Amino acid sequence: MLDLVIPAATSKHVGHQLREQWPTYLAYLVSFATIGNAWLNHSAITEYLDRADTIMFRLNLALLFFVTLLPFPTHMLAVYLSNQGAERIAVTIYGLNLLAISGFTSILWHYALWQRLVRKDNSEDDVRALTSKLDPSLVSYVVAIGIGLWRPRIAVTLYLVIALFMIIPFRAVLREARRRRRS
Amino acid sequence: MLDLVIPAATSKHVGHQLREQWPTYLAYLVSFATIGNAWLNHSAITEYLDRADTIMFRLNLALLFFVTLLPFPTHMLAVYLSNQGAERIAVTIYGLNLLAISGFTSILWHYALWQRLVRKDNSEDDVRALTSKLDPSLVSYVVAIGIGLWRPRIAVTLYLVIALFMIIPFRAVLREARRRRRS
Amino acid sequence: MLDLVIPAATSKHVGHQLREQWPTYLAYLVSFATIGNAWLNHSAITEYLDRADTIMFRLNLALLFFVTLLPFPTHMLAVYLSNQGAERIAVTIYGLNLLAISGFTSILWHYALWQRLVRKDNSEDDVRALTSKLDPSLVSYVVAIGIGLWRPRIAVTLYLVIALFMIIPFRAVLREARRRRRS
Amino acid sequence: MLDLVIPAATSKHVGHQLREQWPTYLAYLVSFATIGNAWLNHSAITEYLDRADTIMFRLNLALLFFVTLLPFPTHMLAVYLSNQGAERIAVTIYGLNLLAISGFTSILWHYALWQRLVRKDNSEDDVRALTSKLDPSLVSYVVAIGIGLWRPRIAVTLYLVIALFMIIPFRAVLREARRRRRS
């Protein structure tokens, strides 16, 4: 996923050249965080499911398609982040891929809810918590892609913020803190 | 699997150059759809099985061989699709690989039926549905490869149509529609 | 694992150039057959086991090391097969890697037998069959490596023969034939 | 993970050139041993767990991040090991990655102990053995990174020693020897 071009060892400024590659590292971090987050959400959906049907399998395949596609926009983003003209194209394509990953995760979950494939012994709170985590991310990606048409680098920062915001379990940390205060 | 050549960022026509790479995207899509479809069929076969024998394991290995081989004809296809002379060779080799994947899936299933390795509590309908899905695809691939010798690009389109036709669960959608109309 | 260099599409002799790459295809086939065979043997060992101990895990890791290493000698073999001087080196290194894969599979099995980690409800026949399949392959590899120092191409052919001989379930086919003749 | 540059087959000194690539092989070996060791420790932690919580999943993801990152410092190390100026940078970055893998494994284990996610039927000895194996490795990595700023090649040797020291089950071998002496 990361495509690090290693500066020639004969150069005296190896350290400087490596630092200059920061867009590559940033793109790698955003992609890892997004896929990691998709994996966490997918695990949660699978855990809540009672059974899967034929269409669930296909939706799953579509999600997998966009997950396996991500390394290419990531690579494009890393290469183009230092160039004004191409940057906008790369950031937009990358954002659309992130939106597709986020979108198919949401579709999978809403389809499961609609077809009543979700186990009935899940607490209503947990089910609502997952919905209220998946849906706002879609809106955030659409907004970030829009901003990216005008200010590409801000969009990349927003993509990282969205992924980290979804990964860091604020809810669990808060609940834990509250539980401790009580006892 | 996808080998996207990213145009130099100094160029002003990055967008145009990316659009010109459509054969790469098409080849990637056809390959993903074919492998996705093989995975769906393989899951269905595994689910219907009661047990596997020594020969099943070997047939499985042969199927895996052609699945792991596919990235190379895919890459060749993407590179040669814009060249008349080489296009025919690439499309034919690619089609033979798709036929081999489809063929070994069919052989696996027919071997399991023949050796009575299939569970007896499967409905006859489900068993027949899988057979009537696997076998016609073989004929379709042979026809598409034949057409490819004469019109390579039509063959690639047909490869995509075959894979999508097998992935989209027409049967399940129809059954669902019928069920809803009744209730 | 396969590193196919795709001839430039402008060339008129694409078909001919692809045919000239036969050593690449052969090396890929030998490596796939060897890893496939290692996987079959590993599955058989795992199935016969009652439990694993600390040392089994380490032996397993050593086997995995040589399996993940194989793509590099494979690549080297494909590149050097058309060159007399380098061919001998490549064929020998490749053979040593195959021997290591085969050797650690045998060590794993003998360690399990020695430490009585094998389930007691396995038929003695099955246990003896696996031993009598794993051990002779070691001798075959040593002989093939020796021949390779003198005639490298014969050694590569032998590597393929050994792998195919172990994959094709002669025993099961014979047993089946005998069973059918009786009934 | 390994990025072996294969010398041109036309050269007469292929054997010599391959031998000159020893830093590549060493870097590959150190990385394989470190990831193998992380896998062994991770398996042990998972086995001792009663259940996992939301934060465990995130810590696991952070560990996975540094494991999937390792091929890049490994590649950099292999390329720079023959160059004095760049060597120090590569060895330090590589060491920090190893430290992060080792560190997150320790954090995972201590978090599980702290939150009482560990099963109660584990022997106290086993639990203490894992702790006394994970924690000292952290100190060793810090020391090795420090030495690396001054003598990079000694640091690489130390990284290999640490990984091998953790993989080889001295404890189990000693216990076995003692058991045999008694009986």
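Chains: A, B, C and D, in written order; residue numbering restarts at 1 for each.
What we mean here is this: a residue touches a chain if its C-beta (ideal position, glycine included) is under 8 Å from a C-beta of that chain, and two chains touch if they have at least 3 such contacts.
From a predicted model like this one, the values you see are computed outputs, not experimental measurements.
J.: Could you tell me which chains make contact with chain C and chain D both?
T.: none
J.: Since chain A and chain B are copies that touch, is their contact same (over half of the numbers shared) or different (under half)?
T.: Copies use mostly different positions to touch.
J.: Chain B and chain C share one sequence, so how far apart are they rotationally when you fit their Cα atoms? Give it in degrees, rounded to a multiple of 5.
T.: The best-fit rotation has an angle of 90 degrees.
J.: Centroid of chain A to centroid of chain B, CA atoms only: how many Å?
T.: Inter-chain centre distance comes to 28 Å.
J.: Report the inter-centroid distance (CA atoms only) between chain B and chain D in whole Å.
T.: Roughly 40 Å, centre to centre.
J.: For chain A, what residues touch not just one other chain but two or more?
T.: none
J.: For chain B, which residues are in contact with chain A within the complex?
T.: Touch residues, chain B against chain A: 1-2, 4, 6, 9-12, 14-15, 18, 28, 32, 36, 39-40, 43, 167-169, 172-173.
J.: Touching chain B in the complex: which residues of chain A?
T.: For this pair, the touching residues of chain A are 53-55, 57-58, 61, 64-65, 68-69, 72, 75-76, 79-80, 82-83, 85-86, 89.
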